[in-house]
Amino acid sequence: MVTKEPYPLYSACILADYIADRIPRQRVFLRTAEDYARAGIELMLARPVLDWSPERHMLYFDDGALRYDRLVIATGSRPLIPPVPGIEKDGFVALKTLRDADLLRMAHGKNAVVVGTGPVGIEAAIALRHRGWSVSVVEMLDRVLPRLFDLPLANTLKNRLEKRGINIFLDEKVLEILGGTRVEGVQTDRRALPADVVVWVIGMRPELTLLNEGQLLLGASGGIAVDRHMQTTQEGVWACGDCVESEDLVSGCTGLFMLWHNARLQGRIAGANAAGAGKRYPGSVNITTINVFDEAAASVGTLASEVSPGERKVLHRRSPWGELYLVLKDTCLMGVQAVGRTERVGGLIGIMLQGKDLRKTLVRASSPADGPGLGILRNVRKDLLHLFG
Amino acid sequence: MLGYAGSILIVDLSSGKIEKVPLTEDMARKYLGSLGINAKLLFDHTRAGIDPLSAENVLIFGAGPLVGTLIPTASKSDVSAKSPLTGLLGTTSSGYHFGSEMKYAGYDHILIKGKANKPVYLAIQDDVVEIRDASRLWGKDTWQTIDLLQEEWKSEEIQVAVIGQSGENLIRFSAIQNGKYDAWARTGMGAVMGSKLLKAIVIRGKGGIRVADKKAFKQVSREMRQMIIDSPFFEAVSKYGSMAAAGVYGKFGALPVKNYQTGVIEDWFQTRGFKVLEQYSDQKMACPACPVGCAHWAVVKEGAYAGLKIKGIEITPVFEIGAKLFVHDMDGILQCAAIFHRTGTDIVSGCGTIAMLMELYQRGLISEDTIGFPVPWGDVETICKLIRMISKREGIGDILAEGAKKANLALTGNDDYAMTIKGLEILSFDPRSRWSVWTFGILTNTRGGDNLRTRNPVENLRFPSLPDDYRTEPFGFPEEFYNKIDMPENVKRKIINPDRKTTDIILMEKWSEDLIAIFNAIGICTRPPSLQAQGPTSIARMLRACLGWNIDAEEVMLMGERIWNLQRLYNLREGEKREDSLFPKRFYREKLPDGPAKGMAIDPDQVNQMLDDYYEARGWDRKTGVPKEAKIAELGLGDEWFSVVLP
Amino acid sequence: MNGILVADMERCTGCKLCEIVCSVKKEWVSDPPRSRIRITIQRGGKNRLPTFCQHCEEPLCAAVCPVNAVRKDESTGLILLDRELCVGCRACVSACPLFGVGFDSVENKALRCDLCHGDPACVKYCEAGAIQYVDRDPFPTNKQRAAAKKLYSP
Amino acid sequence: MNKFILVDPGKCIGCRSCALACSFEHDDEFNLSLTRISPLWMTEIGRFIPMTCQQCEEPLCLDVCPRKAISADKKTSAIVVDEDLCIGCRACFLVCPFGVPVIHRNKGYMIKCDLCGGSPQCVEECSQQALSTVESDDAALRKRREAAQKLQALTEKISEKAS
Amino acid sequence: MHMTLRRTAAFIDLGSVKIEVKEIPLSLRESYLGGRGIDIYLMYTMLKPDLDPWDPGNLLLIGAGILSGTPAPSAAGMIHVGGKLPLTGLAGSLSMGGFWGAELRFAGFDHLVITGKSSRPVYLWVHNREIEIRDAAPFWNADSLAVQDLIRDISDEENAQVMSVGKPGGDRGAPMDLRTDGEHCREAAELGMLMLSKNLKAVAVRGTLPVEIKNPDKALQHLAELIDLFRLSAAVTGISSSPEELMRTGERIVTLERLFDIREGFSLADDGLFAYRHRRLPEFSPLLKPALARYNEIHGWDMHGRPQPDTLKRLGLDGELHRLL
């Protein structure tokens, strides 16, 4: 196993807890060097691959080369950093690797600016706030967690963040990073914000620097195109993880779904097939859960904004302890977002995948085959039927 | 290993040690399986002359390589040990699902050594093997025990081998029940199990069996099934099971009526012929992958025993209870059979012993008060009472429990009325009225007075045997049938004379003994349609497809002969003498009083002459029947032979 | 025997004694929100559904867990939680399609049924017999027999 | 209309060829815990009853599956399981009134009868013609015809007794 | 002093909209346990004799049994509703199944004592140690099941338990059912009227707090054996009284109810108190006299149904019953 990372496998999702000092550093690692040895894996750390020749089955490093029979590309993703002036200053961190998390963990100062409100950005903001920093978040779009939540629930989460002292600036673009060698502030199109640390997390792109032009067919989304066996267009080469384009089981469209459980499952399947098995990857169920100050929020499926207005129907239920937001296309459930009791999101995945006509289902009497998911819909039956007209 | 489960489970009840030993390829290639390997294990794991009911005896369950696959009728499992009844090789086989379940659990053989200090039962679930307490089961009859175990395991799919009160009280002819309605019955295996305080073995297997060549196997198994269906015997046996032959023996006047005093019952066909079956059952029950389905589920609707449900209107209970004990109606026969099953007692030996007692009572050789109650022929309640007394060794039952021969000696000082050979009560029809490979086979059978290991595959039951012709039996099948018989041409011409009228008994005896040894070793059924349809070439094809061995018909028959000779050597080691091979005195002294074979008795010199020629044909010493060195070398049984010749 | 819990919706009366008993056995107090089994009652009340961890063969909760705290115990096939590792991120709670994972808001940990190591309390105290502890891979289940009886008795 | 395996318990003799053929076809081994059809001995009824999937028109298992791993195969109209989607959560166990679904012990997904892609091996292997593959509407036809025959046999017997 | 488990009662005055939470003293609990016992005690000690039942001062008492919400068989939710009955003036006593009792205790309360009359139609929302008095005008005329669904929608709590009164048929006329959870309902016309007389439409409760168990292991073990309710209650509540003491408590409660009825001026001679009280015997048939005499004698009451002095002494009811709560 060849990686440019100096460490064995660690969990990217838990870095925020480490930054917030909620867990010690060694809890971040999921595998130790002995695990690899015991599994008979030769681990080559801190060996970035500079070039690749599929014809000669060779990988080239700066100080040598490696021949392979079967290759699994799992290069993952790299932070998207547009050419904003001042990004080379100290204190500018694109949070992706453990090294970045170490920087944030060691950083001293009062003010922090987080650019981008994806799950990583929000969790980083909460972590820094947890350690007493005053935190500001800058987002280009009109709501926090834009790819996960529609406006109503996004605003609920925004209020919750603001209540805990995180300033959130929406519809604002970062123009320049201010300061000398060290970061001192951030200039947006509306204001200047003081900052000892800038956390740049506006999004991720597949890490494909290894590939030269035309070596592997890429999908429309920019990820490596693979078949259901995670095999690329190159013979004997498989690919998996964030760098790969996959199909969303709910909506059926293909795209980049850079989630931890997708990467793990794809990795298991790509590895097995490289070793000769015949496993197939069924497609991804893109469910994301995020903890906002000990209140959980989760989302799966398509957003209301992605459904054409004509067919779009939305049900939003507020209650003292949580909210539920159902996105429907005519009478089919397309997406679920929930704050508070997030098990309802998982419960409804089955119904979304079935893609059944909910009006017919809700009208007939309850039967043993309903399963827990339909129980949720039955409890909001009146509103749904009213919605369907 | 393909076909085989691949290991032998060795359980030492004294120390509680449980061991899983691999079944090696060469052991399998030499002794094939089930009966063959059982005999080899018995040879190796016991010394000569041990007491069969001591901890030194071993009890071995064995399932053949084809058991558990789609080969038609492949299900038989064999149980072997030193027999407490005959002192010789005790071996008995039974079908249904125990054998397959053993192999699915991963074991070709289960070898039980030593003796437990309190009642236990062996619980096997794939790799998890436990010796569990069975004190709550001890003393229960087999049906109750099975119900309790099914409750404990919360499943009706478990396979159970269990002993009843007979096994617990070490009755010499007690059986091991295979489920509620079948049994490894003969030669007293139940007593061996009881002597080890082992109440039951429960198996649940979830593994699988792989075969060498899937396509070839599928084709072979389908062809085998078609051959069985095309056999001339298929129609009758499929419809009436083993009862199909009941009527014929009535016609020959060969019924063992009242302990073989006569051979004829007038209303035999109406009351106990195969037609009676239709009143009781319309549900057939088959062993795994068998197209015949020869057993029937019988429900007694009205009368004294209404509500009795039992599988098995079979020729054995009908002949033994119906004719030997002269019970008149089928209800009574089924009730007695149920009691035999519940107490776990062998029907043949049980009836042989009770018939001996009833004859002594009929002839006034024993007074009513020594028994305690009258024992007239054919009284169902008395028979059931006697069976229960035997199983608990109560009163006269204690004497009868030692088997017909020893009981006769104890009661009258001689064994004139004990119809046994080498201590094992003989089965079914009267040799005086039907002389054939089957009857001569009762003498040569390695487990004593029994025929199920020595029957002519192509026996023609339409013609009676010729009165004074000891050497041949009628053949009379058409040309087209003769050509289809699966025998090498040169052997076939010697055994069946060219004009296809008669079969040479001695040569056919050797052939059928070796062939049936193979049937038992691989686990397929020896009833007429299967026995007639299968032969060495078809078995060789099955072994090739299933096990991946390159083996031909020639080597198959050699293996059969080796297994037969291995059993012979074991018996010789345990002290079998040539003089033991004698029919019961009655058949020599008394002429048949009635029936088509009226006035017939067996000429001892003719039989002796035949025995010499049989030994000759077997390559054994003419006088002592000990296998000659040449035959031992040919069969590769050197070390077993030495332990016999120079003890 | 490797066992799992199976619920029978027809028999469940919705008495919720199992929730109380489970929380008493595991948390020493009667606290249904922290029970490992939850009875969801649907509007119109006729349908009561006991939900608990079904110990799936390919668990989604194990896949989404960022710290590998949810692992399959190979010998018994059960999906067990390592409470020290769990950081309370609730990813497994929202990923499970069958409401199998609860959440202990007191200690901020996920709540999983571990079948009380083979002697489930909910089965012992369920008077209606709606929850059974059965063999993991039953060779024809008793349900097939019950169905056969219904379909084919004369 | 869904094709399915029609069972005639009267003819079944419990030889389990169907069960053995089924596991042999799907898993290349004879293994009764991997079979999708199993004849059960019912003592009270006095019959062997082969139990297998009835290929329902509106399958409850399809409705309840949280991963949509169960679907109707277009070609054979059999209800089949997608091995990769199935996570072995046993939700289908609870709802199937016939208790048919079983988890594959080694591979972890649910197995049920899929009509062997159109030519079921159990039907071919059954020597007693107890199993037959029929479309559901001509199954009803066949049942009506059998009932008619029984009735006719009955009337003949009565008339015999009367004369 | 071994740590006994705390039990609390909430005193809600609808008139002055004042809510006060007090702890129920152990001595009271030992002699009257919970539910019906505490309710009759409160009725006897808090209500002035000859109080007009329609007077806002009348009490509406809702009490959970000491085993509610604990691992006890089918006791997971029994609830007792008491109060001076509007029509007969007797001691009202009604117990009902469902989960109301358990939910009340999970919300941190064991008893609710509702006094006064609300100026506008209200319902009580009890949630995790807080009590809110909310407007019930929109569904004042709805029937009890509809109220339950409505409150569940408003609170979005599927497990909320709602005890509500049915359609009011004029101020004193038609019977009103008192219902929880849709399936547990008691024909409780009078108590329904009492509730309406306070302008109280429903009492809804939702609780997610733990209920302490004195000795969890023993409780589970006794529940499994199901042989000895006394040892089970001792294990659950920590009140380890012997079987005789528990039976005497039962007798004390029944006798106190009889004292309350007598205090309200009813005696055996008037109109077959016994018959009317238990409403099982429509008219007062002559056959009843000997049975009634025997009944009174067993209870240690005189032939007019008044408790004898020695009975009162034995039960500790002879002296003045001062208010502990």
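Some notes on this structure:
Chains here go by letter, A, B, C, D and E, matching the order in which they are written, and residues are numbered from 1 within each.
One rule holds for everything that comes next: a residue touches a chain if its C-beta (ideal position, glycine included) is under 8 Å from a C-beta of that chain, and two chains touch if they have at least 3 such contacts.
Quantities reported herein were computed from a predicted structural model and do not represent experimental measurements.
Common neighbours of subunit B and subunit C, by the contact definition above: D. Of all the chains, the one whose CA centre sits at the greatest distance from that of subunit E is B. Centrality by Cα centroid goes to chain C. Distance from the centre of subunit A peaks at B, each centre being the average of the chain's Cα atoms.
Taking each chain's centre as the mean of its C-alpha atoms, subunit C lies 30 Å from subunit D.
For the pair subunit A and subunit D, the distance between C-alpha centroids works out to 45 Å.
Annotation: 71 Å between the Cα-based centres of subunit A and subunit B. Centre to centre, using the average C-alpha position, subunit C and subunit E are separated by 36 Å. Within subunit D, residues 32-33, 40, 47, 66-67, 91, 94, 105 each touch two or more of the remaining chains. In subunit E, 158 are the positions where the chain touches two or more neighbouring chains simultaneously. Residue positions of subunit B touching 2 or more other chains: 156, 206. Contact residues of subunit A toward subunit D in the complex are 228, 249, 279-282, 285, 349-350, 353-354, 356, 367-371, 373. The touching residues of subunit E, counted against subunit A in their complex, run 153, 155-158. Within the complex formed with subunit C, the residues of subunit A that make contact are 11, 13-14, 17, 22-23, 27, 30, 260-261, 264-265, 285, 287, 289, 291, 294, 296, 298, 338, 342-343, 345-347, 349-350, 365-368, 370-375, 378-379, 381. If you check the complex, the residues on subunit E that touch subunit C are 69-71, 73-74, 76, 99, 102, 106, 149, 158-159, 181-183, 208-213, 216, 219-220, 223-224.
The touching residues of subunit B, when paired with subunit D in their complex, are 68-70, 97, 100, 104, 156, 206-211, 214, 218, 225, 229, 282-291, 293, 297, 299, 309.
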